[in-house]
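After this come two complexes, each holding subunit A, first together with subunit B and then together with subunit C.
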Partner chain A sequence: MEGQLKKRIFKDRLFKYLVILFAFISILPLLLILYYITRNGIAVINWEFLTELPKPFGEAGGGIFNAIIGTFFLIVLSSVLSIPFGISAGIYLSEKSEGKIAHMVRLCVVVLQGTPSIVIGIVVYMWFVVPFKGFSALSGGIALSVMMLPVIIKTTEETLKLMPYTLKEASLALGVPYYKTILKVILPTGLSGILTGILLSVARITGETAPLLFTAFGNQFMNYNIFKPMDSLPYRIFYYAMSPYPEWHSFAWGASFILVAVVLGFNLIARGIAIKWKVQF
Partner chain B sequence: MESSVLTVKDFSAFFGDNRILKDINISISDNLVTALMGPSGCGKTTLIRCVNRMHELIPGAKVSGKIYLREDDVYSMEPILLRRKIGMVFQKPNPFPMMSIYDNVIAGYKLNGIRLRKDEFDTIVEKSLRGAALWNEVKDALHRKGTFLSGGQQQRLCIARALAMNPEILLLDEPTSALDPKSTAHIEELIVELKKSVTMLLVTHNIAQAARVSDFTAFIYLGELIEFGPTEKMFTVPKDKRTEEYLTGKFG
Partner chain C sequence: MKSNIDRSEKVFQGVLAFSAIIIVVLLLAVFLTLAVASLPSVKVFGLKFFFGTTWDVSAEKFGALPFLVGTLLTSFLSLLISIPFSISISIFLGEYFKEGPVSTFLRSSIEVLAGIPSVIYGLWGLFLLVPLVRSLENIFGVTPHGVGILASALILAIMIIPFSASIGREVVTLVPSDLKEAAYSLGATRFEVIKNIILPYARSGIFAGILLALGRAIGETMAVTMLIGNSNFLPTGIFSPANTMASVIANEFAEATGITASSLIYIGLVLFLVTTIVNIIGIYVIRKISLTASKEVT
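Up next, the complex of A and B:
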């Protein structure tokens, strides 16, 4: 009896420590990635690195300013393109959640979410790059916005579904028309959830490289024209890392560090909004 | 019938093929509290939701018969305009969580795009909050969120929000069922006080509450109006055997 009990307590402890061990092992890759990027990247980061353009082969120095601006442009473009559609679709799904079309849309969202980004890149290449005969930031924005859509649609739908029906009733009973109830009561109340979704989707596309290879392509020079090829952080990392020069390799680490910091920043802001603007009912 | 605010005539309501209400006839006079009581699921909530046409928002809901607000046929009015004339307070307090107390009171104006001057809004807010006996508690916190208030205060805020629209009639759908006894007493006092200026239709499953606050009582059972008359009379000498059984706690 006594022995039996001891064995069970031992098993209990063993299980607990195993769970902790595996949990730690699962975050180990992330810690290692962060460690390597910081160790190799932090050394090259200085003001010049952030504010200078890439230099041609053989010339020392150079930076990633055009890539930072390019990534910023791409984020804005893809957000402008995807947010209205994403939120509208999310509203539709939460309002008409039982309809046939809603089920179809939901299925499409899942499929879209699972579509490899390089496939999206090729499709956008066929649609927008080939007909207009040239790579452009706009086509890059389109490719990224397609990737943002499923995340925004899903989070909007989930957020709005959590709204209590009594809230909608309160508004309708005051004689507020349905569309105003959605736009002025339901959406503002779900704002924090929707914003969180948008930021998470931005974090998701910030690091995307594959679709950009066929669309925004990349540009060594400064470019503010969205109809011309544009640089981006992931593309710049790819470009530097594939080069044969050790100095450029360290630039790739530096750019990686900046990229990871930006993505992490978006994630943290998203979390902050979710916690701080949490609506109490 | 001349002075009745609300007249319900041969009114039936359905969910799909299910008949929830059967040929209801009631007329409600000015500045009185009429209580609708009956066991759960008897259709009393459905009845008041038919008055401001919230019932039809649920898929499969149908109605037949007539309801008149004063002389106007409710079912030939634009629901949006109708609902601005009829205030409604729900079971669970539901102030708008993103709005301040001030904005919650004038939400009916703000959300409908009715523009008034700042001082006109100030007057409406003060008058409505005083009407709902909430002014003294919140007058220094008008710009805080409505959800910081206690449950009972939130419910009074919802009453203020309904009063701000100057409704012809105020529908109260079990307004105290989510509140503690003290807040309930507060709301009941408020209903008695409000009677001077507003006509009210109160749904309650609490017999004692109907007795305490109402002038007229309608007893609904299984979708039928069993008895309708002055509260005092119904509670002392009920005409129908079922009313008597319900009042004495034999069912319900």
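Up next, the complex of A and C:
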């Protein structure tokens, strides 16, 4: 009896320690990744790396300025394309939440979110690269905006659903038309939630490479024309990482450091907005 | 004045409905584009596409079995590796340490892990996992490629842990406390409560989390493309280089024309359908759980 009890207590302890051990082993890769990126990345980053164009192999130096600018262009393009649609579709879902169309749209949002990014790359290639006979930053922006939409729609819908009904009633009772109630009362109140969603979706697409392979492609020269191929940080990392040259590998680490800093920065700002501007009812 | 408001009202409603319907149209268009563009390949190879083992661009002979096997091996292997970890995290955050600095630290670390771009996982894998796998291969006495199914499965496992863990944590927290208390009052240890009450109760939710992680693993492209070794032959074991459905598209689509492109899009169509089905089942299970949970609360 006594031995039985001891055995049970021992098992209980053992299990707890195992759970703790496994849980902490799983964040070991994260620490390692961050360590590698910082150690290998910081070493290459200097002013030249940030402000100069890539040099052909054999010449020392050079930087990733075009990739930084390209990523910025792609973020702006995809945001401009997806934010208006995303927010208004989110409003639709929260307003007509029980309708047949709403259910269907919701299902489509889920499916779209789960669609592999490479598939979106192929489809946008068929839509915009084949007819216009060339890779372009615009098609890359479109591919990324398709990936942003589900996140924006979902967060907008969920934020607006949390708005108390009394808020809307109060506005309508004052004789404010419905569309103005939504645009001037409900939306501003939920702004922090929507902004969080947008930032999270931007963070998600900033690091996407697969949809850019056949759309924005890459470009070792400077390019401000959105109808031409454009470079991006993730593409440059991929290109350098797969090359056989150690010098380019260290460039890949430098670009990774910047990319991770940007992505985590977006995530942090999003989290900050969510906490600081949280509307309480 | 009045009619002006009415008109704005109508326009507003129209814009909302339009942007909602555009999502449906977008998804249909994605499916149709894939279906139409893969048609030439579907006509030539039909269902035999899935059993053919040769992928020869110059002979225009295409069979996707190596990629199907590659995808199945990498994704299930990665699930197998990730499950003990994601369940541990779920129990850790949902039962042992629900709040406090340790739990906040672990939770935010997992979130950061989910946010790291896949190309960076690939880069890191190339410089840390590949040498690791290579030394493992030397020990086992197989050709030391380094890159291959095992390396890809390892990186995938790391990448999907956050997905199954976050859903697992939620369902573990949803287990009603009266059930747990009843078990404690009968003298059960915490381990027995977890084993006999929490895990059976949260079973379907954990399963759904694993399904969603599977969907993610199947569709993951960049990290796998960088680590799998780009070989179009049927993999012979977990150490052999291979290609998954996603990675073969990433590797070959940019240069492909004609029937080759069409065959790659055929693979893309299959990829799209498989991930869609896996995701829908996962979401359905989760929705069912949250419905029953909300009923029990009220």
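Quick note on the criterion: the second predicted complex is superposed on the first by the 260 of 281 C-alpha atoms of A that agree within 3 Å, B and C clash if a C-alpha of one lies under 4 Å from a C-alpha of the other, contacts with A are read in each partner's own complex, and residues count from 1 in each chain.
As a convention for this text, a contact is a pair of C-beta atoms (placed from the backbone, for glycine too) under 8 Å apart; a residue touches a chain by one contact, two chains touch by 3 or more.
Keep in mind it's a predicted model, so treat the numbers as computed, not measured.
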Contact-wise, after the overlay, does A:A143 reach subunit B, subunit C, both or neither (first, second, both, neither)? neither
Mind working out whether A:I273 is in touch with subunit B, subunit C, both or neither, as first, second, both or neither? neither
Subunit A residues in contact: does subunit B have more, or subunit C? C
Examine A:P177 and indicate which partner it touches, taking first as subunit B and second as subunit C; both and neither are also allowed. both
After superposition on the shared chain, which partner residues are touched by A:A252: those of subunit B (first), subunit C (second), both, or neither? second
Looking at A:L167, would you say it contacts subunit B, subunit C, both, or neither? Reply first, second, both or neither. first
Where subunit A meets both subunit C and subunit B, residue numbers: 177
Subunit C-facing residues of subunit A, complex: 8-9, 11-12, 15-16, 18-27, 29-30, 32-33, 36-37, 84-86, 88-89, 91-93, 95, 101-102, 104-105, 107-120, 122-123, 125-127, 146, 149, 153, 177-179, 182-183, 203-204, 206-210, 213-214, 217, 234, 237-238, 241-242, 249, 252-253, 256, 259-260, 263-264, 267
The residues of subunit A that touch subunit B in their complex are 164, 166-167, 169-177, 180-181, 184-185, 188-189, 191, 279-281
Across the complex, what residues on subunit C touch subunit A? 5, 8-9, 11-13, 15-24, 26-27, 29-30, 33-34, 37, 84-86, 88-89, 91-93, 96, 106, 109-113, 115-124, 126-128, 158, 161, 165, 189-192, 194, 212, 215-216, 218-222, 226, 246, 249-250, 253-254, 264-265, 268, 271-272, 275-276, 278-280, 283
In their shared complex, at which residues does subunit B touch subunit A? 52, 54, 57, 79-88, 90, 92, 94-98, 107-108, 111-113, 145, 147, 158, 161-162, 165
